[in-house]
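All chains are identified by letter, namely A, B and C, in their written order; residue positions are counted from 1 within each chain.
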Amino acid sequence: MSKSKILKFVICAYVFGILINGCAPKKEAQKQTISVWHWMTDREAAFFELAKRYEAQTGVKVNFELYAPSDAYSQKVRAAAQGINLPDVFGILGEKRDFASFIKAGHILDLTPCMEENSGSWKESFFSKALAINEFREGNSYGVVPGIYGVPIDIMTIQMVYNKNLFKRLGLNPANPPVTFQEFLDIGKKIKQANMQGLVSGWGEVWMIDCLANNYAFNIMGKDKVLATIKGEVPYTDPDWIKVLSLFKDMQDSGVLASGIVTMVNKTAEQLFANDRAVFAFNGSWCVNVYKGMNPDLDYAAILPPKVSDKYPMMIWGGAGSSFMVNARSKNKEAAVKFLMWLTDRDQQAYLAEATNNLPANKNSLTKIPEILAQFAKGMEFATHPSIWGVSEFSAVIEAFDKGIQSIIIGEKTPEQVASEVQKIKERELAKRR
Amino acid sequence: MRTKSTLENYVFVLPAVLIFSIFYIVPFIWVCRYSLHDWDGIMPIMTYIGLANFKEIIQDKIWWGSMLNAGYITLIALTFQNALAFLLAWACDREIRLKNFYRVIFFIPPVLSEVVVGLVWQWILDGNYGLLNHWLSHLGFPNLVRNWLSDPQTALTTVAIVHSWKGFGWGFLIFLAGLQTIPRELYEAARVDGANAWYCFRKVTIPLMIPVAVLVAILTVLGTMQAFVLIIAMTGGGPAYHTQVPVLRILASMRGSSRFGYACAQGLSFGLILIAISFIQYRFSKRARQV
Amino acid sequence: MLIHLFLITIAATCLFPLVWMISSSLKTQGEIFRDTSLVPKVFHFENYYLAWQEGGFGRFFLNSIFYTASVVIGIVIVASLAAYAFSRLRFPGKNILFFMFMAAMMIPIPGSFVPLYILLNKLHLRNTALGYILAMINVGLSTSIFLLKTFFDKMPTELEDAARIDGCSKLGIWWNVALPLAKPVLAVVVVFNALTVWNEYVLALIIFDSRALMPLQVALMTFQGEFITRYPLLMAGLTITALPIIIIYLLMQKYIVKGVTAGAIVG
């Protein structure tokens, strides 16, 4: 290429560049605009529709901006927080501990006064468990002033589902799902004989292992002992914890776990279950939408994980699915809060629930939801969530625990070994904090 | 006169140094600062803890395990991947049919997004429905069938091979560029002297390709040690810690446990180790060239 | 014969994912994992149209082309100037500076997004194309300098000496002698950086606030939802984004092929 050609190209490119820069949208001066950053790809269309309705009703423009995937969204929010550049409304993906840090750093508006207005009318419209995830109680271990700091826009639960067609193929009655753990294991033996795949779940993404293990922990030893363990008062080498860990060994030995589950991402698990390739799945209520998209004819139902003991109730994780917070430094604080009130109102929640097959956060919107979603909704009775316990376990301990379960499943370690390793890490972390 | 010449020389490196100082050095200094603090990335205040992060890294068994894993993957890349790249480049350097076709095809893996590569290979390697197991059992090797990505014994090697598959296109490209710059006259001169193909290869090709081979080796080590996207897509770092690599650990510190300071310390330690490795490689190659 | 078998096998493994990607882009969400044949029963070409529309590809495509072109041109000029200086010119501090660039290749700073964000903010370059381009030039700078310096080192000096005797300035030698000789390596540098910029999306997502400045990859990621990945559209989008890079490669590999003929040195 000759020199002049290159030169011409360079000049054209830079002129183009200036043009593009100049054409960047100028700030929407006059009309009041609320900017909302979200990561929910699946709801973008529904959000746009709601924004249109809100503008028609109130004249206030709402700008929904999608930043996906959720990892990148998280990074963007954190970078913007550092640069004091957050939008009016956004969400925080991560643990309660991070939520607490954002609040303490002054980024989040305390919504308690708005919630308590009109004798708490806004507050009462939500499922209490959904709101609890956004709440910090008296004497919480994060050092946050008690209050409600976020608004849930949907709820979800994580339960077990089973494929009715495959049940029939195994000679089981699809109307009689397993209720006890032993029944579950027995089905596992049948699955192994029939050379089928049993339970699929995203256990490559360790938090899902944590969820099920935690559910069984609540069932075996009860909430108080679990919380006491987190606080450091009960060691992980306690026989009850070893029992929890052994459950995974039992599941693996009985053949009820699908092969490859330890490195499975949840999306793969969903795809397997949706295509009639797995008998069970451990997944959240969002799966209804996913399965529908991949296989609308899938015949399945939701159940609680089969219980091990009758002493304490079986608990599942559930509560707010996605929540929005208001930027405390925003210039449109009041308008943003008003918008969120509208968004979580009965009609808008019903629309969202229908449009995206998710459970609404507003108690009064549970009118027309499909049968399968109703089954998930029933689980809310037994729902709990790490974010509402008021204490958090050290992430090094959680990682060791979950990876330890993976080791148990692949047969590399025994439950006792894992328990003592986890306890060692727990003691090390406790010592650091002293 | 001398100063004017030296000043002129500085002008050559000025733009690079300017951009580098602003966009690398400044963030680097910040990262060094973070590594000496206990910070979660959100709070406006950090606690100074000196070298505590680094002390913790030295005792972090999982960290060193991930280093070994990365080292293993890199070893496979240095041998398998680069040998493959060189063979293919050499084959395409000669006058054979479909040369141009091959040149384009071999560069497709690097171009493909990791999303596609992760999905396709997961499907091929799947324990129950995968193509690989399907062919193995049909070709008469049913005992080799296994869950390649979740079996602790094969997971890391499988990941390493897929990684090499995705990366060999670069080595291929650079080796080809190198081979193309060997003047044909040298080969002809050797042939006139009565040399056969092997002699040409040994006396002409290899000596002239050594600098290129060193270049590829250094780039391979740097690139492969820092790999992580494919691994997340295929195994998530599991089962247990079998396919865990350093960058995944850094990400876990940043995102999972919100220990930004510790993550920065990990990044710096990692960098120091990579510098040490590259330095050794460089010295080693210099001595090899003198031999 | 054996060589051909070898080449064909490797080529087949390379082609397979590409074919799978294209074939998936022509299926429906339900079919993608159920129907495992490579040739879809019905060719849903509308997926491409949908992906283009929903992803807003038009604008983002142009943005990506602009960023990639600017960064590549920028790096070629900046890196080759610096590499030439490191290889052929003398000045104090040369080795230290070179070492710094090499060290940068080896020290990954995954936490660098936050300082970069704050830095660009302070320089008022955050939500601008210029800021992104400069940051991306930095990303590929070290490796490009390394590649070019290695090449310049083994370049024969006769041509440069001849040009100097003819009265050429240093810059002139760089432009008229070094660069043309370095075409194969420059082609590699172009492809390498084009690929890096074209596929980048995290930095863009973090520092850009206005949608109008986003590159293609960011639009693509929106097909990969938190729960639902719309595979056919994602595959269609990925195919569309893979095309320009393949075209750049096709153009550049011509230069890698031509190489240097010794005729220039002798004659």
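Just so it is clear, contacts are C-beta pairs under 8 Å (C-beta built on N, C-alpha and C of every residue); 3 or more make two chains touch, one makes a residue touch a chain.
Note that the structure is a prediction, hence the values are computed from the model and not measured.
J.: Pick the pair with more C-beta contacts: B-C or A-B?
T.: By number of C-beta pairs in contact, B-C is the larger.
J.: Looking at CA centres, what chain is most distant from subunit C?
T.: That would be chain A.
J.: So, what's the distance in Å between the C-alpha centres of subunit B and subunit A?
T.: About 34 Å separates the centre of subunit A from that of subunit B.
J.: Taking each chain's centre as the mean position of its Cα atoms, how many Å separate subunit B from subunit C?
T.: Measuring from centre to centre gives 16 Å for this pair.
J.: Return the residues of subunit B touching two or more other chains; collapse runs of consecutive numbers into ranges.
T.: Expected reply: 41.
J.: Any chance you could list the residues of subunit A touching two or more other chains?
T.: In subunit A, residues 78, 82 touch at least two other chains, as defined above.
J.: Of all residues in subunit C, which are in touch with two or more distinct other chains?
T.: Touching at least two other chains: 114, 224.
J.: Name, in rising order, each residue of subunit C that touches subunit B in their complex.
T.: 3-4, 6-7, 10-11, 13-18, 20-21, 77-79, 81-82, 84-86, 89-92, 97, 100-112, 114-116, 119, 123, 134-135, 137-138, 141-143, 145-147, 150, 153-154, 170, 174, 184-185, 187-188, 191-192, 195, 199, 224, 234-235, 238, 241-242, 245-246, 249-250, 253, 256-262, 265
J.: Over in the complex, which subunit A residues touch subunit B? Could you list them?
T.: 71, 74, 78, 81-82, 94-95, 97-98, 101-102, 104-106, 197, 204-206, 258-265, 268, 277, 394-396, 399, 403-404, 406-407, 409-410, 412
J.: Going by the contact rule set out above, which residues of subunit A touch subunit C in the complex?
T.: Interface residues on the subunit A side: 3, 9-10, 13-14, 16-17, 20-21, 23-25, 39-42, 44, 65-70, 72, 75-76, 78-80, 82-83, 85, 267, 271, 274-275, 286-287, 289-290, 293-296.
J.: Please give the residue numbers of subunit B that touch subunit C in the complex, ascending.
T.: For this pair, the touching residues of subunit B are 6, 8-10, 12-13, 15-17, 19-20, 22-24, 26-28, 30-31, 34, 41, 84, 87-88, 91-92, 96, 98, 101-113, 115-117, 120-121, 165, 169-170, 173-174, 176-177, 180-181, 183-185, 211-212, 215, 218-219, 222, 226, 247, 250-251, 254, 260, 263-264, 267-268, 270-272, 274-275, 278.
J.: In the complex, go through subunit C and note every residue touching subunit A.
T.: Residue positions touching the partner: 29-30, 33-34, 62-63, 66, 69-70, 73, 113-114, 117-118, 121, 126-130, 133, 175, 201-202, 205-207, 209-213, 218, 221-230.
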